[in-house]
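The two complexes that follow have subunit A in common; it is paired with subunit B in the first and with subunit C in the second.
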Partner chain A sequence: MTVAAKPDLTEVDPDRYRPRNKTDLTVCWWIIPIFYNFFGLIFVLLARVMPPQRADRNPDQIAAFFHAHTVTIQIGFCLLMVVIGGSGIANGLVAFQMKRMSVSPVFAYAYIAALAVGALPGCLMAAFSFLTATFRPDRDPQILALLYDIGFLSFVGSLGCFTTQYLVLALAILLDKNNIFPRWMAYVTIWQIVTEVLAAPVFVVKAGPFAWNGSISFYQGTVIFVVYEVCIIYLLKKAIERQPLGERIPD
Partner chain B sequence: MRLTSQTVSLWMAVVFGALLLIGFLAFPGFFPPMSPNMTADQVAAFYSNHRAMIRFSMIVFNLCGIMLIPLFMVIVYQMKRMATPSQVLAYCYLSAVASGAALFALADLFWLIAAFRPDRDPQLVMVLNDMAWIVFTAPVGMIVAQNACLAAAIYLDARPRPIFPRWVAHFSIATAVAMLPAAGAAVFRTGPLAWNGFLSFWLRIGAYSLFIVVMFFVLRSAVRRQALEEGAVG
Partner chain C sequence: MWVFVLGDLIIFGTYFVIFMVERSWHRDVFLESQRHLNLGLGAVNTLVLLTSSRFVAQGVRAARRNDNAHAVRLVLGGGLCGVLFLAIKSYEWASEIAAGHTLATNTFFTFYFMLTGVHLFHVVLGLVILGVVVADLKNPELRRVSTVEAGATYWHLVDLLWVVIFALFYVLR
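Showing the complex of A and B:
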């Protein structure tokens, strides 16, 4: 008697055929520095959202701002409409590295969810309100002032999506025993939470260090954000380099 | 059950896709698409003259648009089954789908808010209408990223019988390219790039609708083959 032939698993098990290279990880990694360079070009040089315009302007001054910068705002944010998907790719790569950690995938999924939310209020909403303002700069200055406030308050004041993202990342790093990222990165990430909390007063004050263009709410937060981004981009590269080929990652 | 949930998700897309088509046909501002050159008074008159149909169509969009998400999650799951070097592209795709869907939901709200009090100052109705059209049309980047990730995963899939045939990757890229010009709708008020223009309205919506229809059939055959293979394993 012959034993019933074992079913052929070869078609079912992708791990049997998984190419032993890092093409997808490398491509995703390169998109991150490219995306953040676009981000800087758009928000700093073209749209003039960073550093933010003054919070204490009157509607006529706000109308004058939109009149003076219509073309660069349009070029910048039109470009953002195309490249914003880079943020999704950055989320996916960080989440993938978090899944390699010795913690459950809960934090990785939370990271994706928090940032998938954050892209809209924390980044795109500013672009929509500024594009709507410059679409018809002859609008009533009161309406332009409303769009200006929507733009800056959503951009500087979207706090919770990012505190959640930073918190789950910091916790994952601290709990991880696989040393995917070094522990010091958790402390850099915790600094990011502090900067988000310190930005909360932008909803209350229009001038001084805690206004949306203030030294604490904006400049301090932005300096730490740049440090954070440079660190995470560098550490992602190191993590990808050290990752063994053909590593199995539990689902 | 892994197969049933996928089949249900695909048929949900058929049902809600049909309802979305009804909503699309019912919106009085799509045939032809409203011009960005309408004056504030014309825009306000549009909302007060067509209140019932605007509300009907946008409530249908509101209820049914996000119901397509399960179809996209079947794509995520099938991407994870591919023999790619890692599963990173599936996570990137998932993230971009969630953000992209939120944009659709937001645009829909602006149309409904504009129709809520059409007796508002016409300038205010117009700013809500502008916001609705710009958010609906211009932010194509999330879809471009989704389709690029999908295409990359298909190209890298090393299974002897790939999960999706290679032409799906070319088609996915072609769809992304067809969506790109619509980013101009946030700037141009006339011509093919304006939100009522051929490229920003008809090409973008046509290409994406075709993409979803094609993906339904591609996914259905991928799920069927998964059923055969996993049935063989027992």
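Showing the complex of A and C:
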């Protein structure tokens, strides 16, 4: 850990951010578990995107699905449009801790950029295609099937941005000499890369363990994602608690 | 490193269980598809990885004796075997794809390409780790037996996973 011997809190250094207290960080931290609870509520209970619907349905069954769940999909994804920014705060706090590591800030920039790109296919495309489908549910079932496929393929199949995000985080933790996060978190992050990559066949497979609702493509990946989120949220709290007041954060 | 090894074994263990369940449901498809895999190349690759594990294990022994120059040569030998494994695997994949067997052919080939692919990712990661081990061995300030042992532990995991994949995909009838 970097130890600032006796932080000189009176020194004026307008060019750098030096936390005098941790209220701001604590507020940001609390937004993360609240946001992910909303996220789970929206995707699992309201929008019915998690666990994913079957990949091998015909257009009439898909139309019936949208008819049956119009109201909850609309409530859920409209709510998502309100709270989606919470993911930005979660990612910002991780990137902030990455900037305290003894690695180049390019890791933190790559982390933010990868997630900024990933939010579109990994979250927003599913929301917009489902909201479009329920906006006029009397459309031709073939068109509803198209929106259904776009929604699930982008939601489960958006891999590259997230593997990059996990890779830069794992590398930063392994190279870091300031012990911001423990090494085992890098390993948990590498498992995330493995499960993301194993979802690649969703684009060609419609049934079985590699379909978008499959045991490997979806369920195992999601279990490990929940483990990852719980670990990173806990470790962010610990990192904020141990962060010395007045520490210089590199620009 | 043991956290990673044990967690990885649980994750791969789940994949193997799902593979066996799917295999019992579609036994005919799996057996028919399995005939198209090149058992010979699989066996050669198994020998290559076992040899590399032996090199790395001897490298650990040399490092414990403080015979660092020898340890570097042995770990590099293990790494070269890893590169050979990658080359053979690429050739095997290319010939399978040329024969018309791709990810989309059936569940067996999806499993085959995905699990050998994720294993290849582990091999590449292992080569990076062996590279770190060599760099540490060459630098008197960073040199620590625990680093060499951790690298070797990971490399043996890669080997163990391959032996199970080889048994399940190529051999099991």
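We adopt the following convention: the second predicted complex is superposed on the first by the 234 of 251 C-alpha atoms of A that agree within 3 Å, B and C clash if a C-alpha of one lies under 4 Å from a C-alpha of the other, contacts with A are read in each partner's own complex, and residues count from 1 in each chain.
To be clear about the criterion, a contact is a pair of C-beta atoms (placed from the backbone, for glycine too) under 8 Å apart; a residue touches a chain by one contact, two chains touch by 3 or more.
Model, not experiment: these values are computed from the prediction.
S.K.: After the overlay on subunit A, what do you see for subunit B versus subunit C, clash or fit?
M.R.: fit
S.K.: Between subunit B (first) and subunit C (second), which does A:P201 come into contact with in this model arrangement: first, second, both, or neither?
M.R.: second
S.K.: For A:V188, decide between first (touching subunit B), second (touching subunit C), both and neither.
M.R.: In the superposed model, A:V188 contacts subunit C only, not subunit B.
S.K.: Which chain makes contact with more of the residues of subunit A, subunit B or else subunit C?
M.R.: Counting residues of subunit A touched by each partner, the higher count goes to B.
S.K.: Now for A:Y234: first (subunit B), second (subunit C), both, or neither, which partner does it touch?
M.R.: So A:Y234 meets neither subunit B nor subunit C here.
S.K.: Kindly classify A:S215 by the partners it touches after superposition: subunit B alone (first), subunit C alone (second), both, or neither?
M.R.: second
S.K.: With both complexes superposed on chain A, which partner does A:R20 reach: first (subunit B), second (subunit C), both or neither?
M.R.: In the superposition, A:R20 contacts subunit B only.
S.K.: Report for A:I224: first if it touches subunit B alone, second if subunit C alone, otherwise both or neither.
M.R.: second
S.K.: Contact-wise, after the overlay, does A:I143 reach subunit B, subunit C, both or neither (first, second, both, neither)?
M.R.: In the superposed model, A:I143 contacts subunit B only, not subunit C.
S.K.: Rounded to a whole Å, what is the shortest Cα gap between subunit B and subunit C in the overlaid structures?
M.R.: Across the overlay, subunit B reaches subunit C at a minimum of 30 Å between C-alpha atoms.
S.K.: Hey, which residues of subunit C end up touching subunit A in the complex?
M.R.: Residues in contact with subunit A: 3-4, 7-8, 11, 14-15, 18, 22, 103-104, 107, 110-111, 114, 117-118, 121, 125.
S.K.: Could you please specify the touching residues of subunit A with respect to subunit C in the complex?
M.R.: Subunit A reaches subunit C through residues 184, 187-188, 190-191, 193-195, 197-198, 200-201, 204-205, 208-210, 215-216, 220, 224.
S.K.: Could you list, by residue number, the parts of subunit A that touch subunit B in their complex?
M.R.: Contact set of subunit A toward subunit B: 7-12, 14-25, 27-28, 74, 77-89, 91-93, 95-96, 108, 112-113, 115-117, 119-120, 124, 127-129, 131-132, 134-136, 139-140, 143, 146-147, 249, 251.
S.K.: What residues on subunit B touch subunit A, complex-wise?
M.R.: Residues in contact with subunit A: 36, 80-96, 98-99, 102-103, 106, 123-124, 126-127, 130-131, 134-135, 138-146, 148-149, 152-153, 156, 158-161, 180, 183-184, 186-187, 189, 229-230, 232-234.
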